[in-house]
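The two complexes that follow have chain A in common; it is paired with chain B in the first and with chain C in the second.
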Partner chain A sequence: MFENILFFISSFLVLGGATMVVLSKNLMHACIFLLFTLFGVAGLYLTLGADFLAAAQLVVYAGGVVILMLFGIMLTGGTENKENRFGIEKIPGMGSVKTYIVAGVSILFIATVVLKIIANYMRHYQQTDLPEYMTTVERIGHSLLTDHILAFEISSILLLGALIGAAMIARPRKS
Partner chain B sequence: MNNTIVSYLSQFEGHQKFLAVASEFLGFDVTALVGFVIFFTACFILVNVAAAIGGLGTYAERKISADIQMRQGPNRVGPYGLLQFLADGVKMILKEDVVPAQADKFLFNIAPLLALSGVFATLAVLPLSSGFILTDLNIGIFYLLGVGSVVGVAIFVGGYASNSKWSLLGGMRGASQIISYEVPVTMSIISIVLLSGGMSLVTVTESQGGLPHQWFILHNPFTFIGFFVMFIGTLAEANRAPFDLPEAESELVSGYHTEYTGMKFAFFALAEYAEVFVLCGIVSALYLGGYKVPMDLGNGVFFVENLGLPAVIGKNIGQLLQLGAFFTKTFLLYYVVIWIRWTLPRMRVDDLMTLCWKYLTPISLFNLIGCAIWVYFFENQSMWSVIFKAGAAGAGHH
Partner chain C sequence: MVTLGSYLFLSFALFVAGLAVIIARKNIIAMLLGIELMLNAAALNFVAYTRFVNSNIDGHIMALFIIVIAAAEAAVGLAIVIRFFQLRESIHIDDAAQLQN
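Take a look at the complex of A and B:
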């Protein structure tokens, strides 16, 4: 009962927020709606019992990514001057007939592959109760440092590279 | 199920009896309904208490600043001017709600709501006592960091939507300051998580004792430094002086809430003062023993065994003592925060970033590694027991 209510609220946030992100003409508004969507996704994780993942979603996306996007949009002035001096909207139509055809074909292709993959699972899928409430933090930590140590290290090297790259870009150039 | 106020109440016989009687009377199992009602009541009380503390925070700020500057402070409304914040609230409600013509109306209206809801969402994991905690999430601190960062978005959006240069500068300063100072604060929190072995705030509190030498601040030299790093970081995260650059009145009029009037301005002010309360509570839970009462009086065993009180009363007396301990520590920190505001001058914005990235972040990293080494070599004993053991071993040799 309670989980259903949580699921409905979160999925409403996700779907409504995503729709508004696409439909709103103002990039700032789209960013705020994206925040609601990300909160909804965190709620969906919670209904699946993945509490750590939900909190990480909040910390990373709500705290970091959305603020960075807001900064980026504001500093590049993406919100102003939707019309040029002739009163014509500057936002171009997204794509032409060619791109629509390519997009449609690729959607069909990807959907076929994905559906083929999950068909095996879905055929034998039986609805069971959620697992007993338990802490996911320890299990994530254990599997990150044992089974998935390679992925963990590679992602940490990637982050280190990003950090050094950011420092390189930001440092004053000696010319 | 994790530890909540409902699970605390359901250990008493009276609660079970009430559930049985009500289920029989209504003809269905009322456990879920009663749980919902208890949660709703507790949330309602806690949000109102936080709002009252936020309101009284403004009063305390004026009184303490008056004390420091040898003035009287508010003394007309109510005894000692205590009801001043209610009068302010009435004034705020009666003000005209001005929205600037060029403002982004949607964002302008939603920003105060985001700020206040971000702060109130953090109340869910605030460990007021071992029983009266809304929910003891096992990712408590992580949740708190995530939800608390919404306040940064709110400040930025509020500054942007006002469409005024002062607000915009204030909002940008606020957002960059909050993002930057999250790094040393998170590092300090992680070192405490390392020592206590859990991210739930109750686990962290329970692994400390009631007396000062059992607190994490005096656990080892690294946590002693870590406490000050964390406290400076929370000052910056709550935009308090000497880090109140987002609302620096000498340069930016009033910063990100320059254009706000009436209750929207009150929402921002309330969010700030309630956030200071929440952050002080977190610092006291992490470093100062939180709700722990000396001599383990908090679990109520003493009252039941030695004074012969019934279990219900004994336990609840223990809970009240724990509430008292928590609020005493939190309000002491709150006092220090206000004291600092009226003592230190405001920092410059580049000094602020230098302090964060060149001093606090390396220090907190050093603390984190130091705590890890301490846990590894001394098996998580506090420095007092290490010193005593070394002394005893030295005495044995002679």
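Take a look at the complex of A and C:
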């Protein structure tokens, strides 16, 4: 019962947030709606029994990525809807009617293909008994440090490389 | 009744929204928002299959690595955007049409 309510609230947040990220004309508002979508995905993780992932999603995305995006928006001219300065066709930064038509046609094409695959799969799917909810933190920790230790270490090297690379790329240069 | 299909449909809607953002927008930061949406759709699929089909923990591990890689990608992508803004004073994707000078 409770998980159904949480599922409906979360799916409303996900669908509404994703729609508004597509349609919003203001870049700052799109970023805030992305935050709503990420909260909704965290709620969906909770209904799926993934407590550690929900917490990681909230900490990393709401605390890290969205704040970083907001900094990026504010450092690069705010929410001005500028056209391109070079080139012949001037298209505003947040998209014109033409680009939205192109996007609509292509997602219609992809939607028919993907929904066909999902429908074919759902016809042959039988719902079995779901496992009980239980905490996954211990199992995730055990699995990360035994079976997936190589990927764990490589991801730490990846994060170090991303840190140094981002600092190198964005440093101010004299010229 | 909440089944696997509802999660698959939500993930599909997220992916389509991200794709529409990437195609329709011409602002580089807005396109990065679309990439975040698509990565979340993939991670949601992994976790849904973990609960409904097999109950081992590998899908959770995969979603965790997707979150890590999304964070790294956002940091490096925004650094590139800021550098591009220093050079060209623009964050329009069509202004990035030259390899040198």
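Criterion: the second predicted complex is superposed on the first by the 116 of 175 C-alpha atoms of A that agree within 3 Å, B and C clash if a C-alpha of one lies under 4 Å from a C-alpha of the other, contacts with A are read in each partner's own complex, and residues count from 1 in each chain.
Going forward, contacts are C-beta pairs under 8 Å (C-beta built on N, C-alpha and C of every residue); 3 or more make two chains touch, one makes a residue touch a chain.
A quick note: this is a predicted structure, and the numbers were derived from the prediction, not measured.
Chemist: May I ask you to decide whether A:G63 touches chain B, chain C, both, or neither, giving the answer as first, second, both or neither?
Modeler: first
Chemist: Touching A:F52 in the superposition: chain B (first), chain C (second), both, neither?
Modeler: It touches chain B and chain C both.
Chemist: Of the partners chain B and chain C, which touch A:F71 in the superposed model: first, second, both, neither?
Modeler: both
Chemist: I'd like to know which partner A:A166 touches here: chain B for first, chain C for second, both or neither.
Modeler: Only chain C; A:A166 stays clear of chain B.
Chemist: Residues of chain A touched by chain B versus by chain C: which partner has the larger set?
Modeler: Ranking chain B and chain C by residues of chain A touched puts C first.
Chemist: Is A:L35 touching anything from chain B or chain C once the two structures are fitted on A? First, second, both or neither.
Modeler: first
Chemist: Looking at A:Y100, would you say it contacts chain B, chain C, both, or neither? Reply first, second, both or neither.
Modeler: Only chain C; A:Y100 stays clear of chain B.
Chemist: Look at A:M1 in the shared chain and tell me whether it touches chain B only, chain C only, both, or neither; answer first, second, both or neither.
Modeler: Only chain B; A:M1 stays clear of chain C.
Chemist: Applying the document's definition of touch, where does A:T112 land relative to chain B and chain C: first, second, both, or neither?
Modeler: A:T112 sits against neither chain B nor chain C.
Chemist: Quick check on my understanding: which residues of chain A belong to both its chain B contact set and its chain C contact set?
Modeler: In chain A, residues 52, 56-57, 64, 71 are touched by chain B and also by chain C.
Chemist: Considering the complex alone, what residue numbers of chain B touch chain A?
Modeler: So the residues of chain B touching chain A come out as 1-2, 32, 104, 106-107, 110, 137-139, 142-143, 145-147, 149-150, 152-153, 156-157, 160-161, 168, 172, 175, 179, 182, 199.
Chemist: If you look only at chain A, which of its residues touch chain B in the complex?
Modeler: So the residues of chain A touching chain B come out as 1-2, 26, 28-29, 32, 35, 42, 51-52, 55-59, 62-64, 66-67, 70-71, 74, 133, 135, 137.
Chemist: For the complex, which residues does chain A have touching chain C?
Modeler: For chain A paired with chain C, touching residues are 3-4, 7, 11, 14-15, 18-19, 21-22, 27, 30-31, 34, 37-38, 41, 44-45, 47-50, 52-53, 56-57, 60-61, 64-65, 68-69, 71-73, 75-77, 82-87, 89, 91-95, 99-100, 102-104, 106-107, 110-111, 114-115, 118, 121-122, 125, 127, 130-131, 136, 139-140, 143-144, 148, 151, 155, 158-159, 161-163, 165-167, 169-170, 172-173.
Chemist: If you look only at chain C, which of its residues touch chain A in the complex?
Modeler: The touching residues are 2-10, 12-21, 23-27, 29-30, 32-34, 36-37, 40, 43-44, 47-48, 50-52, 55, 57-58, 60-61, 63-65, 67-76, 78-83, 85-86, 88-95, 97.
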